[in-house]
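I'd like to ask you about the structure that follows.
Chains: A, B and C, in written order; residue numbering restarts at 1 for each.
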Amino acid sequence: MNTMKKKAFEIRDMDLYYGNFQALKQLNIDIYEKDVTALIGPSGCGKSTFLRSLNRMNDLVKGCRIEGDIRFDGEDIYAKDYDIITLRKNVGMVFQQPNPFPKSIYENIVYGPKIHGVRDKKTLNEIVERTLKEVGLWEEVHDRLHRSALGLSGGQQQRLCIARCLAVEPEVILMDEPTSALDPVATSKIEALIQELKTKYTIVIVTHNMQQAARISDRTAFFLVGEILEVDDTQKIFTNPANKKTEEYISGRFG
Amino acid sequence: MRSGKVIKSKIYFGGTWVIAAITLAVLIIIIGFVLVKGLPHISWEFLSQEPSNMGREGGIFSVIIGTLLCTLLAVLIATPIGVAGAVHFNEYAKEGRLVAVIRFFTEILAGIPSIIFGLFGFAFFVVALGMGWSILACGLTLAIMILPTIVRSTEEALKTVPMSYREGSLALGSTKWHTIVAVVLPCCRSGILTGVILGLGRAIGETAAVMLTVGGALNMPTSLMDSTRTMALHLYTLANEGISDEKTYATAALLIILVLLINTAADLISRKAMKDS
Amino acid sequence: MTKRPKMDEELAAINKQVREMTDHIRKDILNAVDAVVHQDAAMAQKIIDQGDEVDDMEKAINSACFHFMATQAPVASDLRYCISVRKMARHLERMGDHCEDIARYAIRMKEADITQELRDIPYIASMASRMAENAIDSFLNQDQELAKKVWKADEEVDEVYRKVFEEEMQMAAQGDNPEICANLAFIAEHLERIADYATNICEETMFVLEGEEFDI
């Protein structure tokens, strides 16, 4: 079935170095449109580094060098003339710690659209309402849009960050352990939200929670010391992984 | 044994209490002394009239104006430069060799005696650039003097802005510059303001650097190129030349009130900023 | 591989229960065949009396697996093993039921005092019991080759059973004691069922090993 799906990202022979240290080795993976792809693996295995190279956030890291071919919608995103601003508009990101700006809820959401040239007040209002409804936050906050976003609970803040990301109408949403700072109730709300979002967006999620990967993802990639050891349908990974190390890791016996 | 420890602890507590009380007492005595001697001589006339007869008579209106012009000019010049410098050090130039050198000199700049700034201002602005004794020369000199304070407090504030705010903004497709202007600097508002007010306080009380760059004219300034006199300089001159005890203390009292007001304002602003975030 | 001591401990406990149950069933099969061959009514009665023990063992294994899955959330091979063990226990319990039935026929024949040659029964009995042994070993040792051997043997057992059944029907028609013929035919049928369960156990072996459902 996956062969029928369109590829959002195509990664071929990717290497990533921090100075002389090679953090990612010969990665080959396809990320399909409107799939939830989970990246799992022990700490320091390179899964977050890989995630951050998909919207070129690693550009911020000094001495970071990438080789190989990373294509988004068929285009090499590390090509010299590739527009990083457009890339980040199309490939949004949600972080481990909810990071709303210390501004009002409204200002948080219109921040992105304003960067990309939306000025019309009515359009901005519509974006705020649409995205807050999409993340299921509208009912909770519609009467305090102009209050500080920092007054929201952790789970609400994270959903606001997702709404902020949706406001620029991305194709792909990268999520870096989005629930690791949240309690189980807030976590299950985010997980349910991810299931809804995948009808419209491609999602790549890094998670330390194996059960979360099993619950919400269509495909799972297992990272170990900078390599992808196995990538396959999530069902296959969790019932009958091909690689012994994958099995050890997902059954919690790694080490 | 046990009672010995209790007694010891009581002695320590008593000791610190006494020292704290002494500190407070000194402060109250100084402020009280100046206010008691000066307040009775502060009147509407004193505030609104220009000085006459070398300051023996009349008020200090032109001196107040001179003070405000010099210090505000200094702050207006130093704030954008200081903030821009701090942004450059902290956001762009990160941890290069040059930054380390510049930072080192900034620290030294903060420790230089103010009379040296006065001397430099006199030689450079007043003489070399031909500004003469003027508000402009004084403002520029004071600006250099308070620059390190503003740079330092802005840098401290920038460091407290979480990396995640910057990442959040960049990930939405914002440029680095827009991120700094729209997200990072607004978070630093109170930190920058605190630095500015500390600088303002330092400039308002400055005498040595002012003396050598602004001259000391008593008439109302009409342009930035005019010589004038700040309150601190006026106070110094009155006392030094034994011109008028009354006017000296009245000026001192006014200066203290002004400084207290500035500090209270700084306190209120930073408290409000705390509540906002 | 001891990052999850609690999980490994519980798995070991389940494994131990499975071995105890298989030991019990191995003995039941051998005893049931013995009871028929040697007309040993006491032995047969013992098998029937111990029938409840097998039921209890199955229940204990099922609930251990259930709790293990709920609390340890096993995945991959642990999960496959756990699911297979539950089915395996069911197959073993069924084998036990058939042993009881065979024991009842042994008693009936003894009571009717039918002493008579057993024709092909010892042959089919030895085949079925060897298949059961091999199936159990294939599961306990995760031995794919042995499992395949059991599948092959099953075809032979089916053939022998068909032959026995037809022969007994013929004998009865030719005027042999119809009760004896019926008894022997039923015993053969129960032995054939035991062989079927042996192949089912082998399917579980393959599921644990390959992660796919096999159907023979």
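To be clear about the criterion, a contact is a pair of C-beta atoms (placed from the backbone, for glycine too) under 8 Å apart; a residue touches a chain by one contact, two chains touch by 3 or more.
Bear in mind the structure is a predicted one, so any value in this text is a computation, not a measurement.
Chemist: Taking each chain's centre as the mean of its CA atoms, which one is most distant from chain B?
Modeler: C
Chemist: Find the most central chain, measuring centrality by the gap between its CA centroid and the centroid of all protein CA atoms shown.
Modeler: A
Chemist: Just the number, please: Cα centre separation of chain A and chain C in whole Å.
Modeler: Here the centre of chain C sits 52 Å away from the centre of chain A.
Chemist: Express in whole angstrom the distance between the two chain centres, defined as the mean CA positions of chain A and chain B.
Modeler: Computed value for the inter-centroid distance: 48 Å.
Chemist: Roughly how many whole angstrom separate the Cα centroids of chain B and chain C?
Modeler: Roughly 94 Å, centre to centre.
Chemist: Enumerate the contact residues on chain C facing chain A in the complex.
Modeler: 1-4, 7, 73-80, 210-212
Chemist: Given the complex with chain C, which residues does chain A contribute to the contact?
Modeler: Per the stated touch rule, the residues are 210-211, 214, 238-241, 246-248, 250-255.
Chemist: Could you list, by residue number, the parts of chain A that touch chain B in their complex?
Modeler: Answer in residue numbers: 55, 57, 60, 62, 85-89, 92-93, 95, 97, 99-103, 111-112, 115-116, 148, 150, 161, 164-165, 168.
Chemist: In the complex formed with chain A, which residues of chain B make contact?
Modeler: 94, 162, 164-165, 167-175, 178, 182-183, 186-187, 276-277
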